[in-house]
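The next part holds the structures, each set out as structure tokens.
Across the two complexes that follow, subunit A remains constant while its partner is subunit B and subsequently subunit C.
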Partner chain A sequence: MKRLMIPLMLMITTVGMAQVPSGEAILEKVDENQIARNRKIIYEMLIHGRRGSRTLKAQSWIEGADRSFTEYLEPPRESGTKMLKLQEQLWTYSPSTDRIIKISGHMLRQSVMGSDLSYEDMMEDRHLLRLYEAEVVGEETFMERPCWVLKLTAKETDVAYHSRDIWVDKERYLALKENRYAKSGKLLKTTEVKSVIKEGDRWVGERVVFKDELKSGDGTEFLIESVTYDIDIPEYIFSKAALRK
Partner chain B sequence: MIRFLLKGLIRDRSRSLFPVLTVLAGVMLTVVLYCWIQGITEDMIKSSANFETGHVKIMSQAYAAESDQIPNDLAFVGASELLKELNARFPHMIWTPRIKFGGLLDIPDEQGETRAQGPVMGLGVDLFSSQSREHSLLNLNNSVVRGRLPERPGEIVISDDFAGRLKIELGETATLISSTMYGGMAAHNFIVVGTIRFGIVALDRGSMIADISDVQYALDMEDASGEILGFFNDSFYYPGRAVDLTAAFNNRFQKSDDAFSPIMQTLSDQGGLGELLDLMDTFSGIVITIFVVVMSIVLWNAGLIGSMRRYGEIGVRLAIGERKSHLYRSMIAESLMIGCFGSILGTIVGLAISYYLQVKGLDISSMLRNASMMISDVMRARVTPTSLIIGFVPGLIATFLGTAISGIGIYKRQTSHLMKELEV
Partner chain C sequence: MLVPRLAMRNLLGAGLRTWLNVVVLSIAYVTIIWTQGFNIGMYQQISRSQIDAEYGGGQYWNENYDPYDPFALQEAHGVIPSTLQKWVRDRKATPLLITQGTIYPNGRIRTILLKGIDPEQKVLTIPSHFLTGESAMVPALIGNRMAKSTGLRIGDSVTLRWRDRDGTFDARDVEIVQIMRTSVQSIDNNQIWIPLETLQGMTQMEGEATLVVIDQQIGLKEKIEGWSFQSQDVLLKDIRDMMKARTISRGILYVILLFLAMLAIFNTQILSIFRRRKEMGTLMALGLTRAKLILLFTLEGAMHGLLAAIISAVYGIPLLTYFTFKGWPLPQSMDQYGIAIGDKLFPEYSAALIVGTTAVILLVTTVVSYLPSRRIAKLKPTDALRGKMT
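And then the complex of A and B:
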């Protein structure tokens, strides 16, 4: 009997371990689903401030963490405002002043147009696996979807969020909920996906609520109107000349 | 009697010179310190009131709760209507709307791209309307270093230090990058027409001043104002009247269920200024008390030395039948004369030094490089009517206490031993 028990226990343990993939493996699949060579996205931001709500519409071309271009389409006061991010540098163009202005790097962690998103949140596609160590800390159901709960801890100091708790859809490998923390452990930002769409073979959060926990207000709804991946983006888009066009 | 004592003091200098000099020194220091503290306190109140707090300030309740962050997204809307009502209800006050804001000031090169850029603290004030008192409140005309003040829309003045640091010339375009009242990005072109220096490090580091209508337009704050400042007509701050005014205003306008309804605060309510002013008063009291105590000890000691020197004289006076109480009283009367004389001299010298410090001041700008307080970089004393009499408090009390303590020895002298003591 004893001879049978030991292999049986080993088998149960091995099967159990096989059912829980490693944090790195999950994060790799999240990156696979999320990161492309580039993408173009048209979206609305519904910003719920203390004074009321307002809507912005914009289109962005994003290529990895280093290159991104955004043009605001609505409302009229913001329409024509453009932003170009090349590595750590940010330029902005406003039609009312007809000026291209370089904004210093620390602005990248500031709010975009009074929303709950920072420039980094909005203009960068970063591989999470390159930035964070991942550990599976549990399993939960969120939005009626079974999820892995991952604890991410930054590998380097130069990241906007030192740690994150993310709820990853077990089947679609899309992060449905996130809590983002500072090094001190203070909760800085939360995100929750309210609806998803499938674009090609990728799952994308169609309506995502961002909440900057350091700000008052009811958060910002990020609504994707369209998103296309791996397209041919003309090179001039990521140049300062495009800002005045 | 007084004449007799006075003659004695004048003729016997060893009885009066040292105590008079001691009182003179103590009173002089008291007067100078008092005037110095008054000068600093007044300067702080004036600078804070004119640039920051007013004698009273009206904000939206939400803005007031976070006022140190200058949250223009919580600014009060409907400022012109409220100003009309304030002028009608409280005509004895000067009311002026202001918008404070932070941002970046960007200077273009020939291609229109960034040549220089720096963070700036901005102030939108009423510069153009005929009834505006901002020029005198902010001492703008005397603060211009180069160029002139804005006279037309789209013009600004900036701190001279800031202009020097960024190499900005008059007539250049400067683009303000900031946030609109609704959180959007604000970008607006201005022309730099002058540079200013207020002599307040916190402001001279990097500030810009524009007409409030320009700022409202740039920051999308139509008919909105971050703050409405109120000043008493004679430009002096009256804490009691400010409290009454605040209570009357808040009773009429403040709504507990509306975070954007206006609330009024007094100068003392803002930024811990009330506590600071109380602290200065306490400090002033402590300084004077310390002088009274120290001078009393010195004069007590001087009295003891004097008593020893006048041991024989006191003995003779007792032996010829002068009562101890009379002797004690006459010595106290002598000391009061010395105190009075020393206080007059000390006050004259103290006032002269204080007046010099009031006119010339003491430049402390090197110690205030990173200061954020609204305090002038030249500290000055302030001679007030109270400084004429403040020195008499320690001057008279100390001489009285010193003699009263040392004179107790008179009562310990035994008449029966006097002859024997005098033989010695």
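And then the complex of A and C:
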């Protein structure tokens, strides 16, 4: 009996191990689900501040991490404000002044319209697998979905967040929850997906709450109205001429 | 000596009219010197504070540094050149590393300038020695305005977030070890001072600085590649321009004051010439030439200036001396103008200011007195004796 027990235990362990994919494999699937050639997205941002909440509505055309064009639709005060990002350069157009202003690339690190997101956070479209080493540290249920818990540690030095914990839906490979940490290990930002939608064969967080954990407040809700992937974006969208149109 | 004596006797004989003119002129005179003294004192006070606390004997800036562009700070740093390093070792220069950061006092987000300074430095009057203490947290020094606007007090801790040279976020808690009381807002508002080496480590910029402040004693400033030297003159240019603009606006006030005083003297002179025709005729009949008569009336007018100077000295010297030593208390609202002036303004009066103002007033008074007296040149003694003007 004893002779049978050892191979049996080894077999169970091996089968168990085989069911836990490697961190890299999970991250690759997360990237596959997330990264597209380009996307057009219409969204609302509900910014909860100390003095109340306000809602912004915008549409963005995003191509990789280098090119994006955003037009604010609501509220009327912000309506018509446009932003163009080409690599590290950013231009804004305000209809009230009818002027295009070039903003330093460092502005990308500033908060978007007083929200908990920076332009950098919003336009993040880099392959996580290229930036981080991933390790599966556990399994948890989040939003009633079984998830892999991954610990990501930066491979490169020019990454905004040195480490991250992400909760990846085991079936949909969508990161449902994320904690972003400073080099010192201090928790800086959290992201929680509250509802999801399926667009083609991709799963997307429909309502996501971003929160700057060092700041008081309830964070910023990001609500996707529609998203389309791999579309034909006319070239003029990513030009300065589009800002005045 | 006859004419000056006669002029003085006539002037004093005019009684209240003379003294009214003299008092008006003396008020203009004291006001000009007083306000000019405040102007000079203000410039000296601001310059001294800025030099002692921020500019030193000049600064070497990294070529990418632009104090008006906080977003360029990410690139504005470099290894301290060997010449400057020698001065730093000899305590004749102190390097400063500046980067952007964010603090969260009471859960509110606030963008700040994070400045690294050598705690042992003696080049600037910033009390950096408070940063030497042992603490588990990063010791930090802030100014009184920053303390007031953030609600931070000595012993409080606050979370600081920054990015290292590669742009990676890091965050730590800093402890406020001292609040410095300073009149220089450019070392206070939205700024946190921490030990230089700590900041260099935090940002992975070991041995680097954004700018190096030179001691005021260093005379020769070398050209260093990649670093531009900003002399005291260049650094104080904004303050000088501001004072120049103030001087122009004050100049308009002086002109109005002088114009009022001169109007009174001019009026007195015209009245005098009109009312004293018979006296002029008598003097001419007694042998006084027209030129001496003009001189007599011009002197009478000009002596208003002289008397005004004496009267001004009587009440002006104690008044001005009092403010020189006690200063003029400034309202709290002055602090919002962004100039390093402190709670009190101490005026400075130079000999050039007093002599110059006296000379200008005497000259203008003489010219104003002479202009109406020119009519005397056309006066016929016979008409004058009958009380007629020719």
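The rule we apply is simple: the second predicted complex is superposed on the first by the 233 of 245 C-alpha atoms of A that agree within 3 Å, B and C clash if a C-alpha of one lies under 4 Å from a C-alpha of the other, contacts with A are read in each partner's own complex, and residues count from 1 in each chain.
Rule of thumb we're sticking to: contacts are C-beta pairs under 8 Å (C-beta built on N, C-alpha and C of every residue); 3 or more make two chains touch, one makes a residue touch a chain.
All values reported here derive from a predicted model rather than from experimental measurement.
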Side-by-side fit of subunit B and subunit C on subunit A, or clash: clash
Which superposed partner A:Arg50 touches (first subunit B, second subunit C, both, neither): both
Partner chain in contact with A:Arg130 - subunit B first, subunit C second, else both or neither: neither
Touching partner for A:Ala182 - first (subunit B), second (subunit C), both, neither: second
Which superposed partner A:Arg37 touches (first subunit B, second subunit C, both, neither): neither
Which of subunit B and subunit C A:Arg77 touches, first, second, both or neither: first
Touched partner set for A:Asp212, first subunit B, second subunit C, both or neither: second
Contacts of A:Lys102 with subunit B and subunit C, given as first, second, both or neither: first
First, second, both or neither for A:Lys155, with subunit B first and subunit C second: neither
Clash with subunit C, by subunit B stretch, listed 37-45, 127-135 or 325-333: 37-45
Overlap of the subunit B and subunit C footprints on subunit A, listed as residue numbers: 50, 104, 111
Residues of subunit A defined as touching subunit B within the complex: 47, 49-51, 54, 56, 77-78, 81, 92, 94, 96-104, 111, 113-115, 240
Interface residues, subunit A side, partner subunit C - complex: 50, 104-107, 109, 111, 154, 157-162, 180, 182-184, 186, 188, 212, 214-217
Residues of subunit B defined as touching subunit A within the complex: 62, 73-74, 104, 106, 108, 112-114, 117, 175, 177, 179-185, 187-189, 220, 259-260
Contact set on subunit C toward subunit A in their complex: 69, 71-72, 74, 102, 104, 106-109, 159, 161, 163-164, 166-172
